[in-house]
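You will see subunit A twice below: alongside subunit B first, and alongside subunit C after that.
Let's look at the complex of A and B:
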């Protein structure tokens, strides 16, 4: 510790990265907050102080909050549907695989492959699958419903007025369930076999082994999964652009920010949305980072 | 009484259990297969539609196999004037290769120092990096584009390479740090006994065993940079420098583009990452698990 000639070179080697992260992560975050508090509301940059003006505008913006077809409502519905769907499918797949099945490698590869595909490319095929037109002149799932004689299931998908954003979560669930499966599979396999065996010796049914031994062990995995899915969900952008474009009916905060910058040239308001996104995600992340670093130190 | 009574209930239970496991297995494989079908359904649509002629992409043929298999859609999506993705593909390769290589080198050096050549406060620096893993990039996008403009940073792809390298520091550092933590300290001690300096220790002890971590980090960076849309759409203003995600969105975003061309374009844009996934799948999973902070 005291021997600077020992650790000095290490610090020197990492210092370019420290400086880059300090400037480009923390410095630019500060700069963005400053833009959000400025009067830069046109294509001409301006850095005069304007207080919370942009935030106040956002609050009274009918597209932002909180009625039907507003950004905040959209992102909440999307997030809830996405997290519940992905967690349920991910845990189910891991549960089905955890005791070892023939062809496990094949199943795992199939479930994970959507992770390799961009949301832009996935959006192309999901827009086809979720074509909102009625079955006889549509593509995708509505046609299948029509042919199977369950035409009443045909629906407007992502263009549905109230719950469209839940349908918008389907491609995201498709893309990330395999990831959550991989997390849980590693979690299941991390439960010591002796613990299960001990519970069985005590006469516990298989159901009770899971309920009282296995699942309690998976709590840290669930926490990680929630954090990962939560932060992906709040900033969702490409998927929405690929499927819904700039339409108001599927607009989320990240998309609105993009429209504000590129179409309306309202930089302060765009920066205000970005700041709010950062705050929302930080509330999720910071306690988790502290918890992770601490438990690593204790281990 | 008890001694003779005991075995009696055991047998039926065992038999029942066996039957139950057979039934459970049938259910298990049925469910697994069902999910395989669901997950592969979009891939089926992509492939089948991409080989159809324009006339067959109407609703009445939506899910059927092509009557006539044709490469028309692929040809148009590949290099036609109207839809061709080829120039954007080239841009993506020009972006993703240097960005991935530089990120991996930086990550390896950082990870080595933060786990094996530690300085006081190394954990704090690591946490300081980690936060950068989760920030929404929207929160730096406006100042970043402004900074590029103000400093007259070379336009186009160099800006994207720079951005992906910087914002890749947290994840690559994490992957390498977690990997190096598994190298036994005795190896390091041996080098220390030889009075080897930091660079020599890295070069002759650590680097030779780093290949798996390089593969994991490279796959992660390759995939996420190839698939990135957000940075590209904010940073690149000139269409001739668009990477393939932006080009694809531009081709398919227009509702008049025929479905066969759209699907072929989506497949072409996904092929590089799909090939990486198929060839190096098990490293891909490791990278994913590293992303959850528990490598």
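Let's look at the complex of A and C:
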């Protein structure tokens, strides 16, 4: 009986958010899964059980997977290019700043600013920068390449059949590398100076100090960065719409979900995509949560 | 014991409060919108810019002058071809809060709303005001669903127009605009040799637009209209021919098509960088409209010319913006009056010259219309009608999405037989 006095008030305090999360997050996830398993395939609402019908339909959908110009291939290419590009640039920038430059604060802000710009606005600018038009109609990067005498670098950008989505990742890399830089910079600063000194005392070269002392300490940062970038990437919608519009050549699962629900009014199939996206993101996030809980318990 | 009960009650109370609060606020909102307020005609459309918004403003002025007791409430949502508006509308209809009347492309695109029981049939308005006498018979029959009419078409656009730059044609040695397929290919080759883009094209939907005009050119209006029934046979030699022609045309288009809007593609023709472009007749508004309105202020028949897409002379590939009567419209009698007004000669002759389209009625006053529209008015009286695929006349939305995908893939792989089999299986699903 005295127990409740211990946990009661606390529970009372958090119960509103528990209820809200239960209803508006988990309740709606459940509802979405239910819709994906129903036969609600037209504008007329229906909640009859249809099993995995919508998922099977998706599997045989030529837009979905896995040949050229399909949603799944697009999102995989986009994600890989985006994560690798952002991590590399983020680490490099953080490393340079960490080595000590004048006006670090200034550079830090400059690199972070792109994150403050919405994907829609960035997309409009990058659409112009990545203009694939030939000859005198070209603008942006292709013109710059031409002026610099490296005209052979000029390319079709996001219209490229196989690697177009890697070009589509450029604006996202531009927008988020500053953020990843900030994460790594904090990580670098978190490595105690004594450790580096100890390594140097033992005769380690600067390369080995980083290789064996600093970078191993950054593993949690890399993991967080991967999770953050991974889930942004899988959900990408606004950037695609701003640059490519509703075209198959740049279509990703999130865009197709929108088309299926609002244009085709195929709610079950749209909900099936939403469910698959959630599962894909969970595969990324759940190991991270387990890892975090474990390391917190150990600490 | 008592203390725990109190705590438990408090917990439950808090939880209940959390659950009830949002509901209470929703309730409050719906009360405010109760129909006891002064009558307001809520009209939902995606006419937010250019000639469409200006035309709507003129209609609103007339409406408000004649309906002092029920003023117009303009509920527009921005976004080309209504893509955003349709999403907003779907949410409103699902929440049982329909406007008094909403815009939709006349024809099969409205079928989703009809099947969901969200629209009232309005045959009685047609009967009372004799719209079926002044609009083409085939138009009225093509927008019927299950024997009933559900919308009043305000305007008619033509999709199968071939736009060209007369100066570019002359320089390339083309003496007159092509009318047959063979002439068209010969002219495209001449343009290519002259070093301009033979056929300007924009992003995916403009390719689909081109596709439908090529299909109609081969199949004719009857053959085309016959394709749009569940179970229709698309595995015919004629469809194969049409798809091959479409493939041939794609070979004459600009490589950066997917990066261009329809205006960008049209401007290539206007700027003399391309010879031809297939686009709906909203292009005329873009070409001839004022610079202040973001248009090009060109002279018709001098700076730009037009003709039917080769093979489609005598066919009007039409599309239409229309307005509906949603079930449960808050001010139904005003909405009925609005629809009757939209079908009137006065409203159609007020709206269309500004919007850059022609009236669905055949008794328009040609003096009010510009050079291109005068031509279109004449065609509208004599041409056979074929409903537009991309612009929602012949094809319900789910079917259209499948074709969007198939054509999107075709733009990448140019595989005619796989496209044809996908199109055929889409038709079997209906």
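FYI, the second predicted complex is superposed on the first by the 292 of 299 C-alpha atoms of A that agree within 3 Å, B and C clash if a C-alpha of one lies under 4 Å from a C-alpha of the other, contacts with A are read in each partner's own complex, and residues count from 1 in each chain.
To be clear about the criterion, contacts are C-beta pairs under 8 Å (C-beta built on N, C-alpha and C of every residue); 3 or more make two chains touch, one makes a residue touch a chain.
Since the structure is predicted, the reported quantities are computational estimates derived from the model, not experimental observations.
By the touch criterion defined above, A:69 reaches subunit C but does not reach subunit B. Applying the stated contact rule after C-alpha superposition, one finds that A:81 touches neither subunit B nor subunit C. After overlaying the two complexes on the shared chain, residue contacts for A:266 are found with subunit C alone; subunit B is out of touch. Judged by the touch definition given at the top, the superposed model places A:137 against both subunit B and subunit C.
In the superposed model, A:251 lies in contact with subunit C only, and not with subunit B.
Contacts of A:61 after superposition on the shared chain: subunit C is touched, whereas subunit B is not.
Of the two partner chains, subunit C is the only one touched by A:44; subunit B is not. Once chain A of one complex is fitted onto chain A of the other, the partner contacts of A:20 extend to both subunit B and subunit C.
By the touch criterion defined above, A:8 reaches both subunit B and subunit C. For subunit A, the partner that touches more of its residues is B, with subunit B and subunit C as the two candidates. Shared contact residues on subunit A (touching subunit B in one structure, subunit C in the other): 1, 8, 11, 20, 45, 137, 245.
On the subunit B side of its complex with subunit A, the touching residues are 28-29, 31-32, 35-36, 38-43, 45-46, 49, 59, 62-63, 106, 109-110, 113-114, 117-120, 122-123, 125-132, 134-144, 146-147, 166-167, 169-170, 173, 197-199, 223, 226-230, 233-234, 245, 248-249, 252-253, 259, 262-263, 265-267, 269-270, 273-274, 276-278, 281, 284-285, 288-289, 291-294. Against subunit B, in their complex, subunit A makes its touches with residues 1, 7-11, 13-14, 17-18, 20-22, 24-25, 28-29, 31-32, 35, 45, 89, 92-93, 96-97, 101, 107-126, 128-129, 136-140, 143-144, 147, 174, 177-179, 182-183, 186, 220, 224-225, 228, 231, 234-235, 237-238, 241-242, 245, 254, 257-258, 261, 267, 270-271, 273-275, 277-278, 281, 285-286, 289, 292-293, 297. Looking at the complex, you find that subunit A touches subunit C at residues 1, 4-5, 8, 11-12, 15-16, 19-20, 23, 41-45, 61-63, 68-69, 127, 131-134, 137, 156, 159, 161, 244-249, 251, 259-260, 262-266. Here subunit C touches subunit A in the complex through residues 1, 3-4, 7, 10-11, 14-15, 18-19, 83, 86-87, 90, 94, 112-113, 115-118, 203-205, 254-256, 258-259, 273, 397-398, 400-401, 404-406, 408-409, 411-413, 422, going by the rule given at the top.
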